[in-house]
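By letter and in written order, the chains are A, B, C, D, E, F, G and H; residue numbering begins at 1 in each of them.
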Amino acid sequence: MDIRDVLEAYKQDKISPEDAEKLLRMDYLERIGQDCVLDRSRSMRKGIPEVVYGAPKTPDKVAEICASRPGSLLLVSKAGRDHFEAVRKKVPDAEFREDCGIIVVGKMPEPVKGLIGIITAGTSDVPVAEEAAVMAEAMGVKVMKYYDVGVAGLHRISEPVKELIEADADAIVVVAGMEGALPTLVSSMSTSPVIGVPTSTGYGAGGKGEAALLCMLQTCSPGLTAVNIDNGIGGGGMAALIANRRSERKSQSNK
Amino acid sequence: MDIRDVLEAYKQDKISPEDAEKLLRMDYLERIGQDCVLDRSRSMRKGIPEVVYGAPKTPDKVAEICASRPGSLLLVSKAGRDHFEAVRKKVPDAEFREDCGIIVVGKMPEPVKGLIGIITAGTSDVPVAEEAAVMAEAMGVKVMKYYDVGVAGLHRISEPVKELIEADADAIVVVAGMEGALPTLVSSMSTSPVIGVPTSTGYGAGGKGEAALLCMLQTCSPGLTAVNIDNGIGGGGMAALIANRRSERKSQSNK
Amino acid sequence: MDIRDVLEAYKQDKISPEDAEKLLRMDYLERIGQDCVLDRSRSMRKGIPEVVYGAPKTPDKVAEICASRPGSLLLVSKAGRDHFEAVRKKVPDAEFREDCGIIVVGKMPEPVKGLIGIITAGTSDVPVAEEAAVMAEAMGVKVMKYYDVGVAGLHRISEPVKELIEADADAIVVVAGMEGALPTLVSSMSTSPVIGVPTSTGYGAGGKGEAALLCMLQTCSPGLTAVNIDNGIGGGGMAALIANRRSERKSQSNK
Amino acid sequence: MDIRDVLEAYKQDKISPEDAEKLLRMDYLERIGQDCVLDRSRSMRKGIPEVVYGAPKTPDKVAEICASRPGSLLLVSKAGRDHFEAVRKKVPDAEFREDCGIIVVGKMPEPVKGLIGIITAGTSDVPVAEEAAVMAEAMGVKVMKYYDVGVAGLHRISEPVKELIEADADAIVVVAGMEGALPTLVSSMSTSPVIGVPTSTGYGAGGKGEAALLCMLQTCSPGLTAVNIDNGIGGGGMAALIANRRSERKSQSNK
Amino acid sequence: MDIRDVLEAYKQDKISPEDAEKLLRMDYLERIGQDCVLDRSRSMRKGIPEVVYGAPKTPDKVAEICASRPGSLLLVSKAGRDHFEAVRKKVPDAEFREDCGIIVVGKMPEPVKGLIGIITAGTSDVPVAEEAAVMAEAMGVKVMKYYDVGVAGLHRISEPVKELIEADADAIVVVAGMEGALPTLVSSMSTSPVIGVPTSTGYGAGGKGEAALLCMLQTCSPGLTAVNIDNGIGGGGMAALIANRRSERKSQSNK
Amino acid sequence: MDIRDVLEAYKQDKISPEDAEKLLRMDYLERIGQDCVLDRSRSMRKGIPEVVYGAPKTPDKVAEICASRPGSLLLVSKAGRDHFEAVRKKVPDAEFREDCGIIVVGKMPEPVKGLIGIITAGTSDVPVAEEAAVMAEAMGVKVMKYYDVGVAGLHRISEPVKELIEADADAIVVVAGMEGALPTLVSSMSTSPVIGVPTSTGYGAGGKGEAALLCMLQTCSPGLTAVNIDNGIGGGGMAALIANRRSERKSQSNK
Amino acid sequence: MDIRDVLEAYKQDKISPEDAEKLLRMDYLERIGQDCVLDRSRSMRKGIPEVVYGAPKTPDKVAEICASRPGSLLLVSKAGRDHFEAVRKKVPDAEFREDCGIIVVGKMPEPVKGLIGIITAGTSDVPVAEEAAVMAEAMGVKVMKYYDVGVAGLHRISEPVKELIEADADAIVVVAGMEGALPTLVSSMSTSPVIGVPTSTGYGAGGKGEAALLCMLQTCSPGLTAVNIDNGIGGGGMAALIANRRSERKSQSNK
Amino acid sequence: MDIRDVLEAYKQDKISPEDAEKLLRMDYLERIGQDCVLDRSRSMRKGIPEVVYGAPKTPDKVAEICASRPGSLLLVSKAGRDHFEAVRKKVPDAEFREDCGIIVVGKMPEPVKGLIGIITAGTSDVPVAEEAAVMAEAMGVKVMKYYDVGVAGLHRISEPVKELIEADADAIVVVAGMEGALPTLVSSMSTSPVIGVPTSTGYGAGGKGEAALLCMLQTCSPGLTAVNIDNGIGGGGMAALIANRRSERKSQSNK
C-alpha cells in the first residue's frame, strides 16, 4: 500500500485516521530500510557473500550462525579448527580451507566472470593471500597466483606482472609484510588497479604490519589503495568487485 | 618508431647497424622509463598524468619542472599561490585551481570515458575532494559531486548514492575527516567500489585524520579501500583508473 | 503541517492528491533530515542547536552558512575574530563570545529548565569550560561555574561539589588538562553524572591533553564518561541533554 | 546514629562527652569514607555497588575481599572461573555470570526504577554489553537489549532506536568494536543520552578498540560520550546513574 | 569552636539543634580542608613557592594573578616578554629571567640551606636548566652549574661530578635532550640522587624529548628518577626539596 | 707507580722508553677506569646492592651470576620460581620473595638508617610495592607500608600521609596503576619527596601503565618524580638513597 | 644472441620478423632481470649468504626451502628446535646454533678476510649478538666478542674498544637493549664504523627495544648507524660487508 | 709534544719534573678530551670535523662557538641565514651552503681519499642529500651525486647504481622520504654498503619520515643500515668514515 492508496482509503473512510497515520509511518520506516539497499537486484548482482569474522567468537556461536543461513554462501574468516569442528556438526558439508583459516558454508560459484592476480612478497604472506583468493572465488572471479616473488629480485616481479597484463587482469592484489614496498613496485609496472594488503610479518619498530601499511599509504603511485593489515577478505573482495563490474559491463555491451 | 619499423629500416639498409641498435636500445630504455610497462599503448591508455608534489619544493624548482615538460599534461599538487606565480612566468597558460591547490600545466582531456562520484562529509573536506576531482578529470573521467552530505542525516546520504547507482558510476570517492564513518555507510548502500579518503579535519585524540583513516581501515565492508590522509590525488586517480578500464572494456566489446 | 493535518486537508478536498503525497513525502524527508528522529516534537524538546565547526572553514564560508539559517539558533565553534567579522556583515545581530571562540546566531533561550555545574582545574581550562557553558545555555540550561579549583587543594574541590549537590545539579562538566585527575575526584564526591572534558593544556609526554584523556578513560569511577580533548561543545551538550530530559520528566509528572 | 541522635543522647546525659566526641568523629570519618559524599542518604540513593576489578588479582585475594563484605552487593568484574571457584568456597551463594565474567556477591535489587537500552554492533561485543547490563541491573535499572544490529543495515538500527524512544529509555549504551560508528548513528537517531563503549574487537591498525574509541571521541554528535575500551561496568554504571536520577525526579515530583 | 564546645553549647541550650548540626558539619568541612595540609607550619617549611604556568594564559590573566599575591614569592614559568610587560604594570618590581622565561614576583630567599648541582648535555638545554636553577634558588638552595658537558667527552663529565661529590651536593639535576644518556652516566659516577630532565632538543624519530625521556625511564641506575620533558620547575623543585630536608636534618641534629 | 715515578725511573735509565710510554699509557687507562668511581669508599657508602634483571635470562645464567658473587648482597628482580630453583642449587641459602619475584643472595642489612613509606593505590599494585620494599630494605632502610588506599576515599589517603609526616619519613614511594593520580594527591598532602611508580594495571587506552606514567609526568606537584612502569627497584632504590644520605647527614652532624 | 645478432639474422632472412621482435623483447626482459645484478661475479664477491626468516614459517616450509638449495650456504634465522628437527630430516648435516636460533645449512667459510668486534651491554643481549656473529662468520669474517660490558662502568667499555682499535677492527657491532646508550659511547671512543643493534630487552615505556632504537637514532655521533630491533642478521651482515670490502681492497692493492 | 718527546726532554733536563708531569697530564686530558680515543694519530685520520647543531641555538651563541675554534674545520648544521649573518661578523671567511643550511668555518680538505655515491628519491630530498655531501667532503671524500631518481622508474635506479659499481664506490648514501623504498632497492642492486637517510617529506599517516624510517628498518637487505630522519650529517659521516678507512687500507698496503 503506497502513499496514494492510503490517502484514498482514508478519504473514503475505509480506514481510521489512526490507521492512516500508522500506515504512513510504516511506509516511512520501510523506506529507511530500503535506504540501505535501494535496489535489491543490484545488491544481489554485487555478489558479495556474507563474511563472519570468526576469531573473537566461540565455536558454538559460529556454528549457530552458519546453521541459520541454509542455502546461501557464507564464509567464516580467521577461523580455527575448533570453529570448524563445531560448524561441521551442524552443517556437515561445510569445508575448511586450513591454509587461510576460512570455513566455507554453501556452494562456491563457478569462476565465470572476472580475473584477478594475487602476488605475495614472501611465503609468510601466503595465508593472507589465500584468504583473498577464497573471497574472490566466492564472488565468481578467477584468480592467478604468484607467491613469494620477493622485492629485491626485480625480474621476479616483472614476470608475473607481464603475465597479468597479457591476461588483462581486472585488478591485482599484492600482499606484503616487512617494509611493504612490493605493491608500489607492481603498481608502477602494471596497468591494473592494485589493492595493497599489508601483513603482520615483521618485528621490531614498524613490525606487525605497521611499516608495510604506512609504506602503502605513503606511496606516490596513483593506482594503489590499501586495506587493513592481514585483511585478505577486504583486499580480495575489492578486487573481485572491480572485476565483476568490469566483466558485467563487457557482457552488457556484448548484447 | 617501434621494433618492427626498426627491423624493416635496417633490413632495407636505410639505417646503419649502429643506429638500429641505438634505436632498439632507446626503445628499451623508453619502455623501462615508462615504469616497466611492457606495452606502451596500454600504458598510454592508462592515462595517468604526471603529478608533482608541490608543497616541499621551492616555487623556482616547481616552475623549472613545469617548463621542462612541454606538450604533456602535468599537475602540481598541494601548491600555493607563490608556486603558481613562479610557474606562470615560464608557462603562461598554466592554470591554478586555488580551491584545491593544483596547478594544471597543459590541456585537460575531454571527459569522454568513465564516470565517478565524489562525496564529502563536510565542507571542510571539499579541498581534498576537489583535488580528487581535478585528478579524475585530468584522466578524462566525468565527475558527479555531492558535497557536505554529513553522516547523521541518512537521507542526505541515500540521495546521492541513489543517483550514482542510477548513473552507473564506475567508482565512488568518499572524502571524510573527523570519525570518518561516511565511506563505510556509502559502501554499504552502493554497488560501486568505494575509495575512502580521510582528511585532516578534526582535533584532539584521533585528530588530523587519524581516526578517519583507522575507521576506514577497520571497516567490515569488503568494497572499500583507503588512501592516505588528504591524498585526493591518490583517491581520484584510483577511481579514474577503475573507471577508464571499465569504459575501455565497454568500448572494446562494442566493436 | 503534520500527517493528520495533511490527511484532513486531503479528505476535505482542500488539497489535491499530488499535493497530499508531496506534503507527506516532504514530511518524510524532513523527518529523516531531522536525524531520523521518529517523533518531531521529541526532537524539538531535545533542543540541541546546530553547531558549525568553524576552525577549518574560511570566514566567507562560515558567514554563508550563518546567513542561510534565518530564525534558528546556530553556534559556530572554534571561531576567530575574522570569522565573526565576516558573519556580522551578513547577520548584523550575531554575537561573539570571544573568551571561548563561539559565534551565536539567533536568540538564546531563557534558562528555564535544567541545571548543570561546570568546574575547571585551572584558569587555562576556562575557554573550553565557557564553550561548554554557552552550549548548555543555548539548550536552555542554567549553569553554575566554579573555575580554577585545582587538584591539590581538596577542600577547594569539596566546596563546589557540596554546592552542586545542594542545588541538585543534573550533571557536572569537569574540565581539566595536565594530568586530568579532577573529574575522577569530583565523581567520587558527587552524586551527579560527571562528564570529563580533557583540555590541551600541558606539554611534553602526555601533553596536549593526551594524559588528561587517558586518565579520565582509566578512571574506576562508574559515574564518569569523557568526550574528546577541548570538546566543550560535546561536554556541555551531553550535560544539558541529561538536564533537560530530567527536568522534562519532572514537568511531566507534575501535571 | 546520626548527628542529631548523638546531640540528643549527650544532652540527656546518656553518653559521656568523650563518647559523644568519638561518635561524631567516627561519623565524620565514616562520611569521608563514603567517598566524601556529604549526604549519606543521597549517596545511598546513588546506589552504585562496589565493583572489584578481578583480572589482575589472584583467586584467593578476590575470595578474601568478597568474604569481607557480608550483606552488601558486590561485583567482581573481568573474573575467570578460577576466581569464582575460590569465591564460592567462602561465599556459597555467589553467582557467576560467565558470559561477561562477573561474579555477583549479595542480592541483586528489583528492577523498579529507570530503564536503559543496550545495543551492540556485533555478536563479539556481547560480553561487554552483558557486563554493562549486569552493572545496570545491580543498580536497580531495567535493561532492554538489542544485540548484533550491525552498522551497514540502517533499518536494523532504526528499529531498536524506535522502540527505545517509545519506551522513553533514560539512556542508551552502545557497544561497538571495529570502526565503532554505531554510537554516532544511534545518537543521531535517538533523543536519549548515548554512552559509547568501544570494544577490543578488530585487528591491525586501529585494532583492539583503538579505532572504535577514536571514532566515538571524534563524533560530532553532542549527545554522546565515551568510556574506555571494554569498560562495560563504566558504561552501564553511567547509564544507570542517569536513569536512577531521572526516575527519582519523577518519584519526587509525584509526591 | 571545636566538637566539645559545640556539644557543651548544645547541652546548655545555648544553641539550637539545627545550629549544633550545622556547626558540626562545618567543622567537618574544615577538616577536609585541613586534610590537605595537616600541619601548616610543616607545609611552610617545605618552602615551595607558588608556580603559575604562564604559557597558556593571556598576559592580562597572568598579571592579575601576580597582583593578587602581595608579599609572597611567586614564579610564572614558560612566560614571554608580553607576559612580563603586563605583570610589570601591576607589580613594578617583578623581575624577568628571560633566559628561562620565568617572571619572579616577590623577594628571592637567601641561599642558606642546601646545595644542588645542575648539569646540561648541550647549550640547547640551558634554558630548561636555568628554569630549574631559579626554582631551586627560590627555595633557598645554592646551585652549582655545569653547562654543555656533552655525552661523548667522558672527562668533561667526570670533572663536574667530582666537584659535586666533593661539595657534598644534596642532589644533581641533569638536563639533556637528543638521546638523553647523560643522567645515566652521571648517576653511575655520582653518589647523589639524580633527577633527569629531558628536553625537547632533537628531531625525527624520538625527537622533541621522547627518546631522552624513554632513555631516562629505561635506565638501570637505581638512583635516577625523571620528570616530564622541559619540566625544569619540577626537576629543580624536587632537587631543592631533597636538599632542604637534608639540610634541615643537619640543623636539627646540630642543636 | 705514578707519573713521577715513571719519569724518574726513565731518567735513571731503569726502564726503556718503550716501557715508560707503556706505563704512562696504563696509568692513563687506569684513570679512565677510576673516572667512573673516583672515590671507592664513597661508592661503598652509597650502599646500593647489585641488582640483576632476571626476566630475560635463563635460570642457569642467573644461577651462574649469583654463584660468582660470594659474600656480597645481590638481588635478582622479576625472577620466577624456575630461576630460584636453579639458584638454590648453587647458593643454598638464597631466599625467594615470591610475592615480588625477587631472589635475595647474601645477607640483608639491619634496618638502622633511614625510613621511607610505601603506599599503593590498589591490591594489584602490591607486587611492585614489595619489590620497592625489598630494595629499600637491602639498602638498610626501614619501610612503613600502606597498601590499597585507593584514590577515591580521601581519608584513606590522609591517614597514612599523616602517619608518615609524623614519623618524618625521608621519602615516600607511591605505587599506582590505572589513572595513576595517587602520587599527585600524596605529594600535595605530604612534605616528603615522592617517587611515583606506575604499574601495568589497567586496560584499553592508556592501559599497561601508560596513563599512570603520563599522569605522574604531567603532575604540577614539584615534589614528585617518576620511574618507569613496574620499576619497583628504581623507586625503592631512589627513596632509600635519599633516606640514607639524609640519615648520614644526621649522624655526621651528631658527632 | 645479442641485439646485433638479431638484427643480422633478420636482415639475412634467417628469422621471421615475429621471431626477431620476440627475441628483442626477450632480450629486454632479460636485461630487466640483469638490472638487479649487473655483474654476477661482483654479486658473488659480496658474499652474503641467503637468509630465510624462520619465525613466521612452518617447520615443513622451512625444511622444504633448505632442501631446495643443495650446495649453497643458507641460514634460517629466528628458528626454533621444531624448525631444526624438520630440517634435519631433509638435510642431515644441518647445524643448529641454539643460542641464537640459527640453522646453518651448508659449509661455513674459513675466516680469512675481515675482522669485526661485537660488544653487548648485558647478558640478555647475547642471543642477538650471536646471531650477528654467525652471520658475519658465514661471510668469512673473524669476530672478536666482548659480552656484558655494561654502560655504567666506563673502564669496562674502554678495554674492549682499545683491543679492537689495536686489532684494527673493520667495524664494530654494538648490541644493547634498555636505554641503548652503549653504541654512542663506543662510537665516541673508537675509530671504526659502529653498527648499533637495539634489542627487545626492557619493559614499560620505551621497552621492547623502542628506547634503545630511538637512542641510537638520536645520537650525535657521526660514525654510528642502526638496524631494527633484534636484527642481528642485519647488523652482522653490514659489518661483515664493510670488513670484506675493506680487506678486498687490501688484497687488491697488495698485488 | 707527545709522550716520548716529554720523556726525552725530561731526561735531558730540558724541563722540570713539574713541567713533565703537567705536560703528561695535559696529554692525558687532551686524549680523554678527544673522546677517549687512545691513539691521537688515528683520531686525526678518522677526520670527522666538529659539527654544531645550529637549529636550537641563537645566532649569537652559534657565532660565539664558531669564533672560538680558529684554525679547525667546523660545520654548523640546520642553520638559517640569521645564524650565518651572526657568524660572518666574527668569522668573515665563513661560507654558507644555503641549499642545505650548513655554515662552513675553516678550510675544506682536498678530495683525495675515498669515494661515495649519494642518491635521492625526489627533488624534495636534495637538501638532506646536500647536507650529507658537505659532511663527506669535509672529511676529504669525493661524492658522486644522483638526485631525483624516483622509485617507480627502475632503469633510473639501475643507471646510477651501475656507475657507482664501476667507480667502486666505498659506500652509498640513499636519501628518501614518502615510503622510503629506494634504499632497499639500491641495496639489492649494489655491492656497496648502503646508508639509508629517511627524510621528512610526506604527509598523513607515516608522514614526516616515519614510514620511510620504518621501511628502512624493516628491510631484509643485510647491507643497509639507517640513521635518523633528515640526518644528512650522520649519513654522510658514516659513509665517509667507511670510505676513508677503506682508502687508508689501500694506501697502507701500497707502501
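Odds and ends about this structure:
One rule holds for everything that comes next: a residue touches a chain if its C-beta (ideal position, glycine included) is under 8 Å from a C-beta of that chain, and two chains touch if they have at least 3 such contacts.
Quick caveat, the model's predicted, so the values are computed rather than measured.
Common neighbours of subunit F and subunit G, listed by label, are E, H. Path length between subunit D and subunit H in the chain contact graph, taken as the least number of steps between touching chains: 2. Shared residue numbers account for over half of those found at the interface formed by subunit F and subunit H, and the copies are therefore classed as meeting with the same residues. The chain with its Cα centroid farthest from the Cα centroid of subunit C is G. With chains reduced to the mean position of their C-alpha atoms, the one farthest from subunit H is D. Rounded to whole angstrom, the centroid-to-centroid distance between subunit A and subunit C, based on C-alpha atoms, equals 40 Å. Rounded to whole angstrom, the centroid-to-centroid distance between subunit E and subunit F, based on C-alpha atoms, equals 23 Å. Residue numbers of subunit G whose C-beta contacts span two or more other chains: 32, 35-36, 53, 152-154, 158, 162, 188, 204-207, 210, 213, 217-220, 228, 231.
A list of each chain pair in contact follows: A-B, A-C, A-D, A-G, A-H, B-C, B-D, B-G, B-H, C-D, C-E, C-F, D-E, D-F, E-F, E-G, E-H, F-G, F-H, G-H.
Considering their complex, residues 29-30, 32-36, 53, 55-57, 61, 65, 78, 198, 200, 209-210, 213, 228-231 of subunit A touch subunit D.
Residues of subunit F touching subunit E in their complex: 32, 35-39, 42-43, 45-46, 48, 51, 53, 135, 154-155, 158, 161-162, 165, 170, 188-189, 191-193, 195, 213, 217-220, 222-228, 231, 233-238, 241-242, 245-247, 249-250, 252-254. Note for the complex: subunit A touches subunit C at residues 3-4, 7-8, 10-11, 17, 20-21, 24-25, 27-28, 31-32. Residue ranges on subunit H touching subunit B, taken from their complex, read 122-124, 152-156, 201, 203-207.
Across the complex, subunit B is touched by residues 151-154, 178-181, 184-185, 188, 202, 204-207, 210-221 of subunit D.
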